[in-house]
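Structures given as structure tokens follow.
Two complexes come next, and they have one chain in common, subunit A, joined by subunit B in the first and subunit C in the second.
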Partner chain A sequence: MTHQPTIRFGRLCAALAVLLVLPFVAPNYVIHVANFVLIMTLPVIGLGFITGFTGRVSLSQGAIFGVGAYVTALLTTKLGWSPLATFAPAVLGAITVGTALGGPAMRLAGLYFVMATIGIQQIVWIVLLNAVEFTGGPQGVRSIPAVGVGGFEIDSTFSFYFLALAMATASYMLAKRIIASRMGLRLRAISDDELASSAVAIDVTRNKVLALVLCSGWAGAGGFLYAHYVRYIHPDMFTLEPSILLLTMSMFGGYRSLEGMLVATAILESATEYLRPFGEFRMIAYGMLLLLGMMFFPKGVLSLFPRRSPKPAQLVKERTSDA
Partner chain B sequence: METTGSVGMLLQILIGGIATGSIYAVVGLGFTLLYRAMKMVNFAQGHVFMAGTFLGLIIANRFALPAIPLLLIVMVLAFLIGVVLERIVFRRLYHDHDVFIVGAIGLGIVLMNTVRVFFPEPVPFPKVFGERLVEFGGARFQEAYLWVIGCTVVLVALLHSFFTYTRHGRAMRAVASDAEIAGTVGVNVPRAIAHIFGLTFAVAAGAGVLIGPLYFVSFDMGDMVGLKAFAAAVLGGINSVPGTILGGIAIGLLENLAGTYISSAYKDLVAFVILLAMLVFRPNGLLGTSTPVKV
Partner chain C sequence: MLEVKAVSLSFRGVRALAAVDLQVAKGELLGVIGPNGSGKSTLFNVISGIYRPDSGSLIFEGKSLVGVSPAQIVRNGLVRTFQNKRLFVNLTVHENVMVAALKAEPGSALGDVLGLRRSREALESAESRARECLRIVGLTALADVLTKDLPYGAQNRLEIARALVLEPSLLLLDEPAAGLNPSERTEVVHLIRKIHERGITIALVEHDMRIVTGLCSRIAVLDHGEKIADGAAKEVIDDPKVLEAYFGAELSGAQEVNA
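Coming up: the complex of A and B.
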């Protein structure tokens, strides 16, 4: 899975053109599903900073996403802030919680980091559920206002689509920029070999925490969008289950391939939405999807379509890791 | 409870805590056994525990069995299911721990929702351990609590003797410390691993039958117990069997004490705060031996 650091503007414009035409030809339900896909691309891209670029797997992204959603929901409903003004607090809140809880765990390797993020996920969820006077507890937060831009309310599925598309595109391009920057280079170096990168004067801890900041920030932005789209949030929307889904999306995409992650998000998120009428059978199908996906495509769905020529360095790496 | 003074109440909390803690310890043993052998974490463990409860429920409703045979039958069945699942499912997930975790979680979701199709509502479990109230030093509790604690002690003793005194148990320990070398001295490694999976399933299902009569049983009971048992394993040291038992009982006690004296709403938080704090400050756990986890 080699990574393409530069944006291919031709392909991006083609994809955007298709996506811009979509809402004018597709039925409302398809746009509704597309909105969820676009919202989910944000936390998935965020997760990409952690999984793809520091080699860690986080199972707390759903909770951090929830923090972003709760910050904007509480500021707009309880303090009457205008929704747009809560974007920055939502992102900052997510970063604060994500980094305060996850930062100390970043030095843990592999499996132990996953264990720690499960703890974080459960802690955030239990607090959201039980801090009744602050978050509304199991009642959730109702009637969250829609985002308004200059007197125009983005309150329909159709109009929200363009907001979500704009934010998803912006976050994709920004993430690409970051990955191509010197910082992205350092992160990729760390993910390849922490010891070697610390030997060439990369501050490993600092960069790993920075990756976590980016990861939480993107989750917070996604939570902001989510809260203003569904307009009603509840702690049980941010349990371990969405964290698993988000992680699966980033894993099915194949490491280090933002495009792969976006494709996987589109497939998995629309699959879960379309399966919704089937009740518990939907969850059985979803569990089977995770299980069979991991059993048969452990390297991501895009590994079905091998790249034309792997770089020599990667071949060597694969041979040595096979031995 | 008018007769319980503060000492009686404390005793009651302690016994309840040890009983819940025993369950965490037994389920947590599944994490520990698997971690020692494979360096993997099976997050379906909690759902196996839940499925074990329902297996016990189905058998107990069909045949009026006393407690001990019921427990044994469920554990043997769970062992066989574990061996079969290892062969057809888990063996394909050994690539790395991320793949294994997501795959196992997928399996857990399948288990949970399959049970949900048949038992959408919480159902009562037959009172196989009797319904008498035991009074002891001012504390009053159900007889079943003593069964839970007693069975845990027996189970742990049996597991210990199995691993220490039998040939097959020693072979499993050899696989856990170094599978390659164990293979060269003639241990059938794939079979030992399959049996370890079987054992993790058996202990989880056994714990399920033990807890069943104390509460209503429902399809989602495995989620929380599984994650708390996991926290217990990390607290005591995920590669240490005595550590896991200590960790389980410690979490059960702390959680019950915090639920009574601090806040019942945040009772569930205890296990996860301990989990996070242990991983950050002492990832080897209380009794674990060193594993190079920090970079």
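Coming up: the complex of A and C.
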């Protein structure tokens, strides 16, 4: 397909090379921040399926991310599952909750959908907070074990970096392939015009629900990583605030650009860390940063590097000069 | 092929269609005309499943269309275009046709992600059918242009290409020449005739009488949601009832402008 977004392997390898060297030269705190960035790329990419491709703004991604984190936390601490074995349940749990609650909301458009997702966000948070026997309530879940791969415990900031990088890379490449598939094309068509989509035999409802499944699944995978990095989770980590941050990261990256989302996640997630010295003024500084970003890069951070696309006038000229 | 029987539809008490009957026979090129607001587009919207009629029946190739989803109606071979150009503006011209071409192809999105051979072949086949349809409407040179950058005159042809790639047995064209200049109109007339010659049955809503009389052997006339005439083009345009409803209204409108 001529205009399909495809992976540029040259650039991907260059970026990976830099990212692989980073932990060997950077101080531990930088690696720690980088770990959060890598974790957050997963729910942000997931959100991209909804915001970028069905044109809907969701404010429940933080909660679904939390569902993934809680599933793996509870299975490992209460039932003694090995962390790796809980990956699939974490993803499936997030998909189940995300789709069951979000599916009916997908019928709504614009602000109504936003309102519904805020409701979903609150429902999940309240359940996490109040189902004390099941989730531990406000106490949260402590001593979540580190992920072990073949007898090696990924329990340091340094070693976790490589796990997070591997998962972020895999999720990026998988998302890229999905967007380049016929489903990606259909979702882009749906976000332009739902009525016209049904007039070319696209099953609009089915594709929107699939987008929601992907969105939730990616959030669940991110939650899995998060739980095994911070090792202690509680309901207040999954309030509306992270949902807003995730949404901002996915919108700040630019329209339908996965790479833009990744760059935006890197900038904004590290900003939340590095702005800590501002104390309670942190969110003001963060807000300023967002405002400036929206003013100077309204089409996303990657709009600094415009893509070349042939303009009709140019082509018509070429055609006549041929004749 | 298509049989519309006593179809009525009201919007909050406003009557849009009143017991409209319409038959389209296989191989026909039928024109549907009528003044503004006479229910032509509403009729197309009912046939294509966007509105559900209050009463009456719609039979397409022996199967009822009432309550069938728009997407399913398209899969059955009844395809439409839109009067107000509903294109996917953030997709390229080629992608607009490609997304429709995938309808008839086997394989799934999962197959695409995994790179299965069956899926790759399906994509290639859709690709070549999309290319072929763009060639028929003369948009090959603009295939990689973003649709929102497309000149207005080319948008009608893209709508037709996108409908054509769905391999319709019956094609509903809703004002395919609206907003075009005379030379573009001639092109579209030529294109519609070409499509009809490929064996596709066509029903056409149009304002421009020269286009309808030039193309269609049979014409149905709607006025205030009722069918007031239906028959051979020559007889219909001489029918005094039609003259009053259609030309009469237009003439008196013209006089008002002159006054």
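The definition used in the following text is that the second predicted complex is superposed on the first by the 284 of 323 C-alpha atoms of A that agree within 3 Å, B and C clash if a C-alpha of one lies under 4 Å from a C-alpha of the other, contacts with A are read in each partner's own complex, and residues count from 1 in each chain.
In the analysis below, contacts are C-beta pairs under 8 Å (C-beta built on N, C-alpha and C of every residue); 3 or more make two chains touch, one makes a residue touch a chain.
Predicted model, so just to flag it, every value in this text is computed and none were measured.
Colleague: So, A:204: does it touch subunit B (first), subunit C (second), both, or neither?
Modeller: The answer is both, since A:204 touches subunit B and subunit C.
Colleague: Tell me the contact category for A:186 with respect to subunit B and subunit C: first, second, both or neither.
Modeller: second
Colleague: What is the contact status of A:251 with respect to subunit B (first) and subunit C (second): first, second, both, or neither?
Modeller: It touches subunit B, and subunit C stays clear.
Colleague: Looking only at contacts as defined up top, I'd like to know whether subunit B or subunit C touches more of subunit A.
Modeller: B
Colleague: One more residue to check, A:177. First (subunit B), second (subunit C), both or neither?
Modeller: second
Colleague: Would you sort A:148 into first (subunit B), second (subunit C), both or neither based on which partner it touches?
Modeller: Neither: A:148 stays clear of subunit B and subunit C.
Colleague: Just subunit B (first), just subunit C (second), both, or neither: which does A:290 touch?
Modeller: In the superposition, A:290 touches subunit B alone.
Colleague: Mind sorting out which residues of subunit A both subunit B and subunit C touch, each in its own complex?
Modeller: Common interface on subunit A, subunit B vs subunit C: 195, 204.
Colleague: Which bits of subunit B are touching subunit A when the two form their complex?
Modeller: For this pair, the touching residues of subunit B are 39-41, 89, 92-93, 95-103, 105-114, 116-117, 120, 223, 227, 230-231, 234, 265-266, 268-269, 272-273, 275-276, 279-280, 283, 292-295.
Colleague: Inside the complex, what are the residues of subunit C that reach subunit A?
Modeller: Within the complex, subunit C touches subunit A at residues 48, 50, 69-72, 74-75, 79-80, 82, 86-92, 94-96, 98-100, 102-103, 107-109, 112-113, 123, 127, 141-146, 149-151, 162, 166.
Colleague: Help me check something: in the complex, which residues belonging to subunit A touch subunit B?
Modeller: Result: residues 57, 59, 101, 104-105, 107-112, 114-116, 118-120, 122-123, 126-127, 130, 132, 194-195, 204, 240-241, 244, 247-248, 251, 280-281, 283-284, 286-296, 298 of subunit A touch subunit B.
Colleague: What residues on subunit A touch subunit C, complex-wise?
Modeller: Within the complex, subunit A touches subunit C at residues 1-3, 174, 177-178, 180-186, 188-189, 191-193, 195-204, 210, 309-312, 315-316, 318-319.
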